[in-house]
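Chain lettering (A, B, C, D and E) follows the sequence in which the chains are written, and residue indices restart at 1 in each chain.
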Amino acid sequence: MQVNGYKPLIVAFCCNWCSYAGADLAGNNRLSYPADVKIIRVPCSCRVNPMFILRAFQRGADGVIICGCHPGDCHYTSGNYYTRRRMAMLFSMLDYLGIERERTRVEWVSAAEGAKFAATMNDFAEKVAALGENKRLEDLRCKQ
Amino acid sequence: MKVSYFPGCTLKNKAKDLDLYARRSAEVLGVTLEEIENWQCCGGVFTTSNDEVATKLSSVRALKEAAAKGQPLVSVCSACHNVIKQTNHAMQNDAFFASKVNNYMGQEPYAGETTVYHYLELLRDVVGYDQVKAKVVNPLAGKKIAAYYGCLLLRPNSTMQMDDPENPTIMEDLIKAMGAEPVVYARRNECCGGYVTMENPEFAKRKSLDIIENAKAAGAEVLVTACPLCRYNLQKAGTDMPVVYITELLAEALGVKEVTNEQ
Amino acid sequence: MSSNKKFLQEELTRMSGVNPKKCMKCGKCSGTCPAYDEMEYHPHQFVSMVESGDIEPLLNSKSLYRCLTCFACVDRCPRGVEPAKLVEAVRLVAVRKQGANHMTANDVPAMLDDDIPQQAIVSAFRKYTK
Amino acid sequence: MQRIGVFVCWCGSNIAATVDVEAVSEALKLEPGVVFSTNYQYMCSQAGQNIIKDAIAEHKLTGIVVCSCSPRMHEATFRKTAAAAGLNPYMVEIANIREQCSWVHKDVPTGTEKAIILGKAAVAKVNLNAPLIPGETPVTKRALVIGGGIAGIQTALDIADAGFPVDIVEKKPTIGGKMSQLDKTFPTLDCAACILTPKMVDVAQHENIRIFSYSEVEDVKGFVGNFDVTIKKHARYVNEAACTGCGACTEKCPQKKVPNEFNLGMDNRRAIYIPFAQAVPKVATIDPNYCNMLKNGKCGVCAKVCAAGAIDYTQKDEYIQEKYGAIVVATGFNPISMDKFDEFAYNQSKDVITSLEFERLTNAAGPTAGKLLRPSDGKHPHTIVFVQCVGSRCDAKAEKGKEYCSKICCMYTAKHAMLVKDKYPDVDVYVFYIDVRTPGKNFDEFYRRAVEEYGVHYVKGMVGKVVPEGDVLKVQASDLIANKQLHIDADLVVLAAAIEPDKSARPLATKLTASMDTNDFFTEAHPKLRPVESPTAGVFLSGACQGPKDIPETVSQAGAAASKVIGLLAKDKLTGNPCIAHSDEMMCNGCSTCERVCPYGAITYMDKEFRMPDRTTAIRRVASVNPAVCQGCGACTVACPSGAMNLRGFSTQQIMAEVDAICK
Amino acid sequence: MQAITREQLINKAVALLADGTVKYVLGWKKGEFDYDITPAVFETAEELNADFVWNDFCGANFSKYLVAKTRKLDGKILVFLKPCDTYSFNQLLTEHRFDRDKVYAVGIPCNGMADIAKVKEVCGDGISSIATEGDALAVTTIYDDEPVKVAVESVLAERCLNCKSKKHVAYDELMGEDGDTLDSNRFDEVAKLEAMTPDERFAFWQNELSRCIRCNACRDVCPACTCEKCVFDNPTSGVENKAPANSFEEKMFHIIRAFHVAGRCTDCGECSRVCPQNIPLHLLNRKFIKDINEFYGEYQAGAEVGSRAPLVNYTTEDLEPGEVFDRRDTNA
């Protein structure tokens, strides 16, 4: 994915039970999305600590997306409800600090939604690419 | 204690009794009804549409005046009470509506601070029926009295919050306190035909007859109401069932009815 | 649905605060309505017709002036739809049109008798005119 | 420092066509900790697994990374391979370069570049892996069933038949529940007592079942396999062992004016009573609210007439402690109160009744001996109106009824209508419905029979008002199909009241740390795939405590819950998932934040003595995770402000390392 | 001028020491200057008479000190709590951070505290002494023997100008009159920032946060930051850093700190009070409080003991993270 010649780096946190399986399904169905998206498997979206997200930005990520089971379908019954509150708060704060809204996203993707996974990643990568390099939250010293 | 009082147009005119007996009885019970200055007619019915602002201003004026005195606002007429209470509720809960009203009114904004009581609520919740019972000098023993609530006292329940809207007891309990026997019948909260009597008196008559029949079957000897329009419709039904204002009976029980008649 | 119908529908739901989609079509409003037999369109039909955008017949119907606003349907509706508020909104749309008052001052004297309370007259005016 | 081996799989051409596997294995050789790296056509094949095993032995590997298909596919395979070679299975990480790389990217340079990055992330993670050993806990081979209705009875019988001891705790003096109050059952119209009472006898006689009637669960401690339960046995003032159930006392007791709850207050019982003839245990109980002897020490008739000498006015509440491996909740339901629906005049006329009251009215053992007589005057009704959905399917904001469909009312109302027409064909029966919902075997046929064979008038519409007048009930309703308002003079009105979970369910859920929905129904671990388990391990759900259910459904769920319990009790030990949370006591604040987000109640607190940096000691409150209960979601790790809480297998450090590897 | 006098407080403390109710008194003591008041533990009437201070600079919130002091001291401690301190007191109790039985809390009224930065704006640097004279402060500088009179009202701290409550939500005993919770305008500043463009916001925060010297004063004073070990001090946390290495890290520190105290922060304002660089750190916390109120319903941390903080709670109808912006944009 390139927009104006910029290839973004995107970290996707996917919960093991729904979204990671959804990503696998996208693969099974050969639905392509940009290779800029790198997936990290977590047991549940509620395992995603805001520190991980900031760390990714610090180390040069241009966008971070968190995927979990649809509300009500969490393997652990309530994990994604906590994710929803935590990320709503974190994203609001990043926006308050002047960070581009499009660099963060939460999406609910079930194990059956391979097509949604691919479409989401395509859309997210395009939006992030359009923003260009993550200057605001990036740590120049850590980037090689 | 002193409370602000909104009499309403009909109580100054066709329903003077309702007003006079209410004042007299209240005095006996230690409450002075202080009439709001320059009150204007409430309009008779509450227009539910939330873009109707001007029709609700007279209620807000009365509410503001009571607020300025730090008094609750009391009315006896069920219709006035309904309009004022619903308006106050809208001022409390509909910020957009409240801002429009406050724009009209100017000066100090009003946000629904006033407590709105119907006269019956005042007796039940502030004075207390025990107190009423204690002041009864002329118990109405043996009288079988059926309370007619109509629609406006109780509904919409989410706003009016007066009593169980389907099986109310506020009037029955007062009837008991006055020493009489309340008659419970299911149609006591059904509509008498209301203002449609203007255009279609036959219809109002049918509705009123249903109510009276139901009360009669339950053994009622007299109907009481707090609404002049209800009383009118029930009387126009042309039966031999007497229909009186609840305040009239109250004044009788408290021994102040004759005083008013002599004047 | 035509844009005009849609506009009217949105206007009515905005004015009344009623969401006709909440209706589960049980008919309790019409089961409880004291003015049912006076009406051509009954409370549940108001809800259903506003929901489908079929509002014109309601605007022209005398049923608008038969609703007593007794709130029986409002209190008893299991879904919290509040049909009476919708009827009121339709009626307001009808009478707010120029010259569309349902009652005029000239009509009143014929309706009066010695006992009629002022309340009835002001209420009727508020309901029937703009 | 780890010694890591990397194994890149071609998966035939599935991976190799888009990813230069050689380049990947070469690139990963340079990563820290990697001492061996290779690639092979099919790593999951026997030959491929042998490559891994040999490399572990030869290079003394402490961790391995397999770059292959999704871990959801073969993580278990490669963990077994590692274990077979003597390596802890949790030292294996998978880089998913098939589903999430070769299959979704088109050209080789892109695929290869990404595969290398994914491999690096896996290597970075393995560098921080630690061997994990699943914990084991013993299982107490005894089950507790809370609630003795048909759900609890069936669950208890099934567990007991499999050879495990079961205790039933029932708060009423007898088991039997709602089903014992019913007359006939749909859709077969066989009598409820005829099919229920034999089961009650089976329960009473089963060598593996104990019944604690007139008892409640007071306290629950522990966790799956190891619950410690305190049962409160209310004083019934009758020695259960001595009482023969002869009933002499219940005939002689002078206090005759006690509303009989079994008949929903439609007749009276004595202060000492046996709820019904087939009660189990068939033992008398004294109602302390009405007994003259207990209230003012005057009477003692029952003690005089009891030949067995079973009466004991000094009996006290008793507390019983027992250990259980599994707990089944079967607390059932009740009809809701009709107080907020008095437009139907339930509180204004005796002849407006609920459906459960109607069951007692038509029951041969009921207050009218099965004759359909009006409660007010004992006359035969000629017109009966049934109202469906009273309090069901209501808007939540109206705060009057329940949002859900109570599910059973359509069918039992059809049954009631049919029972009436069967006994009294001349009676006019109206049923007002919003929708007739009959999904179930032979259900719609049953309802159609009511209409077509029995001539029940089904009217689409709702009753708006019931007016008692004289000896009739004036019913005002809408007929939506005819577009008419109906006015019916009825003699009896029957309300199909919504059902709600028993009031005891909410406090019980708190004791069990089991979750509930906003309607107080117990939540299942998964709505589709684990419908009889609660999210709290070792707690199972049976019957209407989980949601409205009819008898066939309740019985099947009861059996399903029993099979889950049997599966649990059949194990001697429980092996846990080792990827669970653990708290670093030195950093823990004891603030309870983690406990609040834990869906399983796995976190408890204890006061512990610590040596402080200034060499004094202090007592601090610290969290401790029960490894048998934690499921490893990680919600607590983020809630914890100090970072004391971490998740094994997905530690903060491991995930950070993956982030760093990807973003490098 | 405060409603309660120093003498009244000393008398109360001495009486409670004398009758054995408490063994220690947690109070204020003069620091190097008249305005840098520090917390101190007193054990005798003599110590109190000598060093106890109560004036318009006694802003320090004592609640946090109870965590360490109750653990260390072997007797009951008297603590004086201003209304805003009582919220922190409750919040710490909710989190089981100290033993309530070891504390005797006396609620005292507060008329707002002075901000030394504002005093310096009037009088300049080099303040040698400050004395309270009625409703004014008499400030003497090293440059001038004649004290400058400054009305306390004109130098009230921002947090006091936007005081949220004069009501004590926890105490064993109350001195003076209890007040009410107030309708403050404390979110106005946040709303102003929200109304800016992202670029303006970024510039604002870059300007503020770039001054951070990572002295950790905000963390050390914060009554919500009572962790046994802070993640930023923990070498295994992955985010440890002792000093600001680059512009990002201050942000990381401050965002994470705000996030960790979100739903627990009582908005006492201590962070901004102690910041030597005058960074308006409370605006980060208030942003979270404002969001919580708007997204999940009004919530005041510490208003009652045992309440469930919004971030460890949920409803099935919560708004989606993507909707937080829509919501603000339509509100704006």
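To be clear about the criterion, a residue touches a chain if its C-beta (ideal position, glycine included) is under 8 Å from a C-beta of that chain, and two chains touch if they have at least 3 such contacts.
Because the structure is predicted, anything quoted here is derived from the model rather than measured.
Removing chain B from consideration leaves the other chains joined as one piece by touching.
Note on connectivity: the fewest steps through touching chains from chain A to chain C is 2. Distances between chain centres, each the mean of the C-alpha atoms, put E farthest from chain C. Here the chain at the heart of the structure, going by C-alpha means, is D.
In this structure, the chain pairs B-C and C-D differ in their number of contacting C-beta pairs, and the larger number is found at B-C. Chain centres here are C-alpha means, and the one lying farthest from chain A is B. Spacing of chain A relative to chain D, judged by their CA centroids, is 35 angstrom.
Put simply, the C-alpha centre of chain A and that of chain B have 62 angstrom between them.
Averaged C-alpha coordinates give centres for chain B and chain D that are 51 Å from one another. Chain D and chain E have Cα centroids lying 46 Å from one another.
Those residues of chain A in touch with two or more other chains are numbered 50-51, 55, 78, 82, 86.
Residues of chain C in contact with two or more other chains: 72. Among the residues of chain E, those touching two or more other chains are numbered 231, 237-238, 311-313. By the contact rule set out at the top, the touching chain pairs are A-D, A-E, B-C, B-D, C-D, D-E. In the complex of the two chains, the chain D residues touching chain C come out as 343, 389, 393-395, 397-398, 400-401, 432, 434, 460-465, 476-480, 483, 485. Residues of chain D touching chain B in their complex: 339-343, 345, 347-349, 465-470. By the touch criterion stated above, chain D contacts chain A in their complex at residues 70-73, 96, 98-101, 103-106, 110-111, 113-114, 117-118, 121, 515, 523, 525-527, 535, 579, 597, 599, 631-635, 637-639, 647, 650, 652, 655-656, 658-660, 662-664. Of all the residues in chain B, the ones that touch chain D in their complex are 164, 166-167, 184-187, 190, 213-214, 217-218. Chain B contributes residues 8-10, 13-15, 41, 43-52, 55, 77, 79, 150-152, 154-157, 165-166, 190-191, 193-200, 203, 207, 227-229, 231-232, 235-236 to its touches with chain C in the complex.
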